[in-house]
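Quick one: the structure is below, and I'll ask about it shortly.
A, B and C label the chains in the order they appear, each numbered from 1.
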Amino acid sequence: MSDENGIALMQFPKEVLQRLQPDLVFKRHLNLGLRPRSLMKFDEYREVISVSNDDITCDNQVTQESNTIIVSTNTSKIGNSMVIKTDISLGVSEVDNNYSNQYAQIWPEVIVNRGRIGAPTDEEMIASRLIYEDFIAGRFVKQDELIINEVGIKKPEEDEINYDTEDVDEETINEIRDKYTFVLYAKINVYSREGPVYDHVHNSLMSALTKLQVPRVFIEEDSIDLKIPIKKSFNKKQTEKTKKTFNLKFDFKNMNKINLSNKISIASNYGVITTDPTILIETEERDDESMDIEKPELKKEKIMISDISSDIEEQSILSRISVSCNEDGYSSIRLVNGHSLDKVTVNDLKKVLEMAKLKQESLYNNLE
Amino acid sequence: MVSIKYSVLKNLDGSCEYTTANSKVITGVSGPLEPKQRHRLPLQSAIEVFIKPSHGVGPSTREVLMQDKLATALQSIIVTEKYPRELIQVNAQILSNPFDSFGSLQNDPFNEIVSSMIDLNSCFNSIFLSLIDANIALKSCYFSNLFTINDKNQVINITNVESLESLQSLSHKSIHLLVFEIEENKISNILLMDSKGTFHDDDIIKVIDAAQANTELEFKNIRSLIKEKVKDDYIWKV
Amino acid sequence: MAKELELNNTEKKFILSLLAQNQRLDGRKSLIETRNLDIKINPDAYGDVYVSLLTPEGSVSTRVHCKITADIVKPKDKRPFEGSFYVNCEINGLTGLQFENYSKPNSMSSEGYYTRFLESMILRSNALDLEQLCIIAGEKVWDIRLDLHVLEYDGGFLECASIACLTSLLHFKRPYVEVQNEKIHKVYTDLDERDGVNLGVLHIPIAVKFNIFQQLPTEELIKQSNNTNPGKELVAIDCTIKEEMLSNGEVLVALNKNREIVQLDKPGGVPLQSYKLLELANMALPMVENITSKILKAIEIDESKRNEYAYLLSAENDRYDG
């Protein structure tokens, strides 16, 4: 340690060491049988407190722009700090003529709040895409459920909306009926991120989905005859043309609950890491005699970690599995071996699938 | 069925053009290069993967996800310790995807997943040959398979499905991308598995078995191709 | 991490002295000789074209892949009867290490500049009939997107890209759309069920780039600015990347075989005597005619391959043969 030896031995406080050598810190903890920071057991999950509701909130009351109407929300608290808030909102779009979609899609946007602004990070884009694909793979909402097939009419002098439209102004109603569909958007905010977000974001969205509802739609009678001229063209041949616009209004007092065609799936993640007994911290004073005794416990052991939950774990565990399943089966498995020494084998996969099923059962009741 | 051409881009260290019955990609590998400061890792090489879609301005979320899967898997294949503070750049250009034509995605949203899986599968295999062409040190070989299970519980290898119509008429229950690691000419482990859809434990076993058989079969061809390539490259040998 | 290409002085001098002797580094014997053109059309798709320039020895020097995709969109408010057309081109790390990945193409980068030149060459000269792309006025029009993938780059990008664009546009077929009561009734996406519709290509403009090499140092040129000694500069067609790096200016001309100038651009560089422009355009004409016939030939061959059995179905007979 003297200057003559060249480099002095440096010592770092534990916060600094965690950032410099997360691997080392993590493996030392593993030798003690605990996980760093959270001090959880290897197969322990963080506690999830999840609240979903179907309150309707509208960001902009004046314009009532459709995709600002939030019809279902979920707030989940994962562990001690991470909070995820999912808002499902609605948009309206014309039904494609060649539509024969069996199941609807969702357009998610995942935002991990880190006090920065700018283009979305890779993590946000990956999480959004995964959720988009999972929603398709899960086949949760039938497109038919979202198509507007019932249109009410409101007379200006009455307060009641008449949904029994067999006898009134059929032409206008027919022009709307089955021609428009609701589109689902999900805005997912992650606050004080801890560990990979994807699985928890997925669960939060699933939970919000159970409360999904769409309003009934009506038009006001006096707006039926409203005709807005579209711009006169520079092409003289074309005469000025008018275009009917319908002011679709939403009746938030009359909501239709969306029935999910498949049970929601629950995602959980696991990682594999090998312990390194050579970096065990010596806690006892070593006797000189013990040098001669062979140490039997110098064996590398593979450990399965569930719910990767801190940046230390995130940086050291590169071989991961993420499983999402419901009681009827799996909807997605993602296994990546990102580390050439710690590898997930087929046996590990089996073990993980069992664990994922157990986790699904316990969390499913919690979320619903 | 599969046609492979290597060393197609003379400006890069290694390249490969990989054509299956329904997709075509061209990939290139350059490295080791001098990276930008922020990509410099003290003990290992950085790996950058860029995928350009067959049409439209990239990268969208679809490509970013594929890049991420490739980069993590390559991390454990490339001997990163051999090139510390250097960069290995992998580029892929999708030349054709069966769902390029107008309206082909609209029938079933599940085709969105199928389309990106097809690209990813071809990229994996093409990049492997590009890495070999670029003389990058590898820890093991790998081969990627793409299988689907339809509503009649049949396991179908998607790389052999030729036309768009037959692709669309497959009523996928689930789709599975399986990349196997191959050491000493034997399958040693799963490198990457990506399954989507509705499936059960026995489906997983069925797909793994089918993919293993397919890998053993296909990798023989790739191995003999590499053998030939090495023979051709060392022309100065007696 | 983009690594700039660099030429050493010896190479610079050598290439320039070759040019002065009417010789090219890749073996061409004249400054106005172009590389061999090879057009490949993907037999399984429409508008999927590979165009490459081959050196005299036959190896590929520049290769471009061009692909067209179509979509139905709402037209712009100002032009309710017109479809839209867009050219997308990114040169990236796959092409060569000197190119940056995911750098947004802009007017400063050469590919951004050339791409916009191509786009306006096609759009503003009405080479592509946009009104033909209209399905329902003000409601639904076709949006044609052309993606250029540059696979190999050794100069000649503009020529190669314009050939690829036009071949692709001529070859592409969009699905037939059936309209009833001002609503789309059916889109025939399966081209076997109902033949697709060709795009309305009204004429075939081909872009040619001339590189100017000035033989005297700039100071001397300025000194004799009112000189009586014009023609000191060399003009070369279809330059390789190394020649482009040494060039002191360029002239871009787009022409069609009707001997019309469609677009002309001289972005800075060394000054050029004005009469020289016409000379250059005339120089390009035989080249454009040659290229146009090659494009049409390639499409014709592809067409006959696709319709191998068309003669069996034909009701034509040789009665009127004459």
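FYI, contacts are C-beta pairs under 8 Å (C-beta built on N, C-alpha and C of every residue); 3 or more make two chains touch, one makes a residue touch a chain.
Fair warning: this is a prediction, and the values are worked out from it, not measured in the lab.
Visitor: Determine which of the two chain pairs, B-C or A-B, is joined by the larger number of C-beta pairs in contact.
Guide: Of the two interfaces, B-C and A-B, more C-beta pairs touch across A-B.
Visitor: Just by CA atoms, which chain is the most central one?
Guide: Closest to the centre of all protein C-alpha atoms: chain B.
Visitor: Computing the C-alpha centre of each chain, which chain sits at the greatest distance from chain C?
Guide: Following the centroid criterion, the farthest chain would be A.
Visitor: Can you compute the centre-to-centre distance for chain A and chain C, using the mean CA position of each chain? Integer Å is fine.
Guide: 45
Visitor: Report the inter-chain centroid distance for chain B and chain C in whole angstrom, where each centroid is the mean of the CA atoms.
Guide: 32
Visitor: Quick one: chain A and chain B, Cα centre-to-centre, how many Å?
Guide: Distance between chain centres, rounded to whole Å: 27 Å.
Visitor: Mark out which residues of chain C touch at least two other chains, giving numbers and ranges.
Guide: 187, 189
Visitor: Spell out, as numbers or ranges, the residues of chain A touching 2 or more other chains.
Guide: Within chain A, the residues that touch at least two other chains are 98.
Visitor: Could you tell me which residues belong to chain B and also touch two or more other chains?
Guide: Residues 103 of chain B touch two or more partner chains.
Visitor: In the complex formed with chain B, which residues of chain A make contact?
Guide: Residues of chain A touching chain B: 96, 98-105, 122, 125-126, 128-130, 132-134, 136-137, 139, 262, 318-319, 328-340, 343-346, 349, 353.
Visitor: Enumerate the contact residues on chain C facing chain B in the complex.
Guide: Interface residues on chain C, with respect to chain B: 1, 3, 42, 45, 48, 59, 65, 67, 69-72, 88, 90, 92-97, 101-102, 145, 147, 149, 151-153, 174-175, 187, 189-190.
Visitor: Show me the residue ranges of chain B that touch chain A in the complex, using the header's touch definition.
Guide: The contact residues of chain B facing chain A are 61-62, 64-65, 68-69, 72-73, 75-77, 103, 106-110, 112-113, 116, 139, 174, 181, 189-201, 204, 208.
Visitor: So in the complex, which bits of chain B are touching chain C?
Guide: 9-12, 26-28, 30, 33-36, 39, 48, 50, 52, 54-59, 87, 89, 91-93, 95-96, 100-104, 165
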